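Which chain is which? They are A, B, C and D, in the order written, and residues in each are numbered from 1.
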Amino acid sequence: MSLLTLNNVTIRFGGLTAVDTVNLEVKQGEILALIGPNGAGKSTMFNLITSIYQPTEGTITLEGKSLVGVATHKIADMGITRTFQTIRLFTELSVLDNVKIGCHCRGKAGLLQALTRLPGMKREEAEIEEKAIKSLEFLDLASKRDEMAKNLSYGEQRRLEIARALVSKPKILLLDEPAAGMNPQEKVVLMEMIRRIRDTGITVFLVEHDMKLVMGISERIAVLDYGKLIAEGTPLEVRSNKAVIEAYLGSGKFKSRIRR
Amino acid sequence: MFRKKSKALVAMSIIMSALIMVSGCGASKPAATPTGDAESKEPIKIGFLGAKTGDVAIYGLNTLKGLNMAVEELNKEGVLGRQIQLVEEDNAGQKDQAINITNKLISQDKVVAIVGDPTTGITRVAGTIANSKKTVIMSAGSTGPDVVEIGPYVFRDTLLDTIAAPATMKYVIEEKGWKNVALITSKNNDYSVGLSKIFSKSIVDNGGKVVIEEFIQDKDTDFSGQITKIKAANPDVIVFSGYYTEGALIMKKAREVGIKAVMVGGDGLQGDDLMKIGGADVEGSISYAGFSPEQPTPDTEKFINAFKAKYNNELPDLFAAQGYDALMLIAKAIKEAKSADPEKFKDTLAQTKNYEGVSGTITFQEGREPIKSPVYLLEVKGGKFTLLKKVPVEVK
Amino acid sequence: MKKLLNNWIVQVLLFLSVLALTALSTSIIQDIIPPYLLMIGLFIGINLIMALGLNLITGVTGQLSLGHAAFMSIGAYASAIATVNYDLPFLIGVLIGGLAAGLIGIIIGFPTLRLTGDYLAIATLGFAEIVRVQFTNMKITNGAIGFLGIEGSTTFPIVMTIVVLTICCMVWIENSRNGRAMLAIREDEIASSAVGINTTLYKIQAFAIGSFCAGVGGALFAHTTTFIQPTDFGFLKSVDILSIVVLGGLGSIPGTIIGAIVLTSAPEILRPLANYRMIVYGLLLVVIMIFRPYGLLGGVNLRQAVRRALMIPKKKQAGRGE
Amino acid sequence: MPILNNLMQQLVNGLALGSIYALIALGYTMVYGIIGMINFAYGEIFMFGAYAGLVLALTNYVNVYVALLGATVITMVLGVVIERVAYKPLRRSSRLSALISAIGVSIFLSSLMVRMKGPNTRGFPKLFENRIFEIGDFQITIYQIVIIGVAGLLMLGLHLFVSYTKMGRAMRACSQDRDAASLMGVNIDRVISVTFAIGSGLAGAAGVLAGIYFNAVQPYMGLLAGLKAFAAAVLGGIGSIPGAMIGGLMIGLTEILGITVNLSQYKDAFAFTILILVLLFKPSGIMGRKANKKV
């Protein structure tokens, strides 16, 4: 069953077509990877899905509901959360607060509740805290809950970003290069974690350069080159796809990327 | 470690340079006067309230200069055998600081009277406090309404515009025949806004006409836009209700573009800086004051000479003269009441009649509103204020 | 015992008794200490209320505003008109002052809060100038001549009670879903909207609350000085309040309190320096910033510091200024 | 057509006023472009320049060029010293700390000047005789010509300097990415010092020109002029040299046109209203590059 559907999505910045008539379906419960050389438009795709950019043409729907023109902050509420290629944490806040903020779209309390502190608001706060701690435990960060986010190691920061995105129990989690900057051991842990996330029923859609990781965990892979979707299929299919191989061998840049 | 060191160095150098500057500037500071007089009677403390910093500092500092002159003179002989000690505080032109200072002067320094503030706004705020604490306050500059009405301890020694301004307009329109008036108001100056109202009424009353009304703000320096329009309106006279600095700058610009009309204004134009800045361009300007520099009383002459000697040949402006008079009036009342208790000398002060001050002959009416009679119309001639006409004022 | 403390009604009662205690103790203090010190205390209180509002805008939400004095003036004039022209009771006037400022804050906030950083700063600065010019030219404010005849109703206990109330509200807001959202916006706007925070909404909320506080401060100010003029609310007033927030430590409520105390009393403490006072004041700002660029209490976790201070039985107090 | 002539005359007035704003705005724009900080003490440097010019002019031995040059040099040194003492230690701190430090410097400088020279407005001695040229029915004074001319020349010079010299290139590099520029061997400290020197020098020159044109020098003249110049820099697109010029001229013209249409009491509001409107519709200013949202 298709959860997220991109239909003929195109975006142009001035003369540059960053994403060119892409058709893609993300299915319920799968791990889908998007690969491609630098500047192929992978992050732009994520920005289109989360409504930071608006497509010049085409439609994006989540369970049949259009995401085009929806305010960015409503996307999380609809069930899509993400991490960023360059880590974007709330660096001066504690780890726990970072995750609590991730819960924002699941909360209801407004100014009135903040000022009256009625039992309902306290219950909500307690629930948020509980969820946040669970999420931290899930990503093995519970012991760091009172640290400032900026004091975490690089790998921990990446995980914290995932914890923040997970805490609101999204339908789809978008991971933008989650393994960047991690060492091999951390990557193994990360792969395991991504599988466990999927096992809780959350669909995972990731952009990644690390081929070993991508081939290891993805059920399907989509390949983007110069904004165009050139291949789509299981890891095995993609690996033997002619267009992909051509792109891989034809582009020195891309080749070097694979090895990394 | 290195960074800390460099920071410390920076701080050190800042403090050092500040000290050097402070000591450098300090040379000109008049010595404070807690004199160990043989009489060993405690000095009478007088507070000064006004801005020494901030953008209205000029009025406060000039008042203070006059005030210091008065202190020096009074202390030659003493008042009731006691010295006068001035406690100066800077309110930076801000009402909250003025409140703090008024409280400090009264409750901490135990002053018997406060001279200041030159502006109406702060005088109202400080006057309310001083009145409730039974301390005399004499403003050396406020002209707006609702000041002396605060209570029996609140005074001022200014020339009130309600009498002088209509007399001036009558002279300008009837005797000079300048009927078409360009009226300029400094919109952020309460004195100017208040005076303009009086001016525009008396212009109409005397058969004149305001052909163009323009607005400036205090501290503006560019008047080219307004002057261009005034030139097009071709008035017989420019009436400006603000202070001398802006007055001089307006006239400079007016002459630059070839306007021949002269400027007429209130006592706000009384300042040597009018000529210093305006030079030949303010020649012929007419304004009014409570005294005539051409027929000075001996006291006025003495004051002007002493002032010039003390302050680098600078001429006193209206604020300096009124500041001087304010303290002299208070001292006189203390002497006559034979008491430095404000509750006693305030009544003596309120009965002052025909006091020949350096800023004019002062009489306090019923309700302590001052009258200065006669009013002198002055014209700038040869870089000096010269007498044009004497207008007697009826004292009720 | 703990269960009892968790009961909402008990908490409300507790809070009310804290307010009552504040009012009571301050009205006793009022009669003991000299009026000079009392007035300084009162202005510390007024500045603190306004600074706490600005702290929410600039310190917590990260939106640099250089126009706080404008909201102060709106509150001052609105409350003065309410109590003088319409004979409303003083406290209603204060509320009206706050609401007027808050409302204008919202109206101004909608378009301007799309701007970020320094652009927002200059827009708020421009707005403040426009407000000042407007008040100079309005009939009801009596222009430059000033608004006369305001009752001197502000008292030390009233100010201090409002201070305590404001501090409590600020602490509650900061430790709520709203407050976290505001902090998140300060840290990273894009990440905030990615987790579902409506950044515009919370910025405007912060702006409205901050302006409300400024309006309340302005109303108290007007009813202290009994007379107000547009020149009382110039650019330098905005700078004064901003200095309190930055000097104390952006986003830190205890910092803002210290900042208000230090900066309101600094001109008074520096009085003996007479003519060099403002020169030294300027230098002081520079020196404090060089040594504590994040403010006196910036980056100090007060709870930790106090805990540490209590564990080690030394007299050293946490986070003392100077 | 008297109205048209009046309008032409007002345009000339506006250009002259705008040129002064533009000169100060240039300094703002340069400093902001390179280190991203609002140098709030800028108006006070302008004021110091005016006083330096005044003191030099009063010595009687000095002609207008020497006064202009002397004031420029003095303010250059002042600018560099201020940067070293008050801003450099804060370069890595939050922008607000630097802002407060700058406000401290600004209070310090203006209060110092009050102590040194008194709070009075001082007239400026005539450094050269004024002459009026009549063109049709409107006139232009030699002062106005000099102001507009000098401002134009300085701006052109600055533009050439930034575009075609090695130092100019280093400056542009710093404005793009300071760390990268540093890695490429650009001496950041030197670039910043030069930036402050040039910017402050321009403000000093503007101070002397303003002194001559308005015939008035005052310790607090820097505040409002500085605010308006800052508004001009933002209006034109902060960081852009032609932008600062256009912004300055626009603010000058708006003020004068406001007076022309009988709204002189709202003069100060005009400049800022235009500024806010421009910001709302083109947030990066008239000439500013649009900063692309990067995620």
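Here, a contact is a pair of C-beta atoms (placed from the backbone, for glycine too) under 8 Å apart; a residue touches a chain by one contact, two chains touch by 3 or more.
Keep in mind that this is a model prediction, so the values were computed, not measured.
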{"item": "Contacts common to chain B and chain D (chain labels)", "value": "C"}
{"item": "Between chain A and chain C, the fewest steps along chains that touch one another", "value": "1"}
{"item": "Far-end chain from chain D, centres as C-alpha averages", "value": "A"}
{"item": "Chain whose averaged C-alpha position falls nearest the assembly-wide average", "value": "C"}
{"item": "Centroid distance [mean C-alpha coordinates] between chain B and chain A, Å", "value": "71"}
{"item": "Centre-of-Cα separation between chain C and chain B, whole angstrom", "value": "36"}
{"item": "Where chain C and chain D are represented by their mean Cα positions, the distance between them in whole Å", "value": "33"}
{"item": "Distance from chain D to chain A - Cα centre to Cα centre, in angstrom", "value": "48"}
{"item": "Contacts with 2+ other chains: residues of chain B", "value": "7, 10, 14, 21, 25, 53-54, 187"}
{"item": "Residues within chain C bordering two or more other chains", "value": "136-137, 190, 275-276, 278-279, 283, 286, 290"}
{"item": "Junction residues of chain A - those touching two or more other chains", "value": "52, 84"}
{"item": "Of chain D, residues touching chain C in the complex", "value": "32, 38, 85-86, 89-90, 93-101, 103-109, 111-112, 114-115, 223, 227, 230-231, 234, 238, 265-266, 268-269, 271-273, 275-276, 279-280, 283, 293, 295"}
{"item": "Chain B - residues contacting chain C, complex", "value": "7, 10-11, 14-15, 18, 21-22, 25, 29, 52-54, 88-90, 92-97, 99-100, 103-104, 106-108, 120-121, 124-125, 128, 133, 144-146, 187-190, 192-194"}
{"item": "Residues of chain B defined as touching chain D within the complex", "value": "6-7, 10, 13-14, 21, 25, 53-55, 57-58, 61, 187, 214-217, 219, 221-222, 224-226, 228-229, 232, 245, 248-249, 252, 256-258, 273, 276-279"}
{"item": "List of chain C residues in touch with chain A within their complex", "value": "8, 11, 169, 172-173, 176-181, 183-184, 187-188, 190-199, 205, 209"}
{"item": "Touching residues on chain C, where the partner in the complex is chain B", "value": "34-36, 38-40, 43, 46, 136-137, 143-146, 148-149, 152, 221, 224-232, 267-268, 271, 274-280, 283, 286-287, 290-291"}
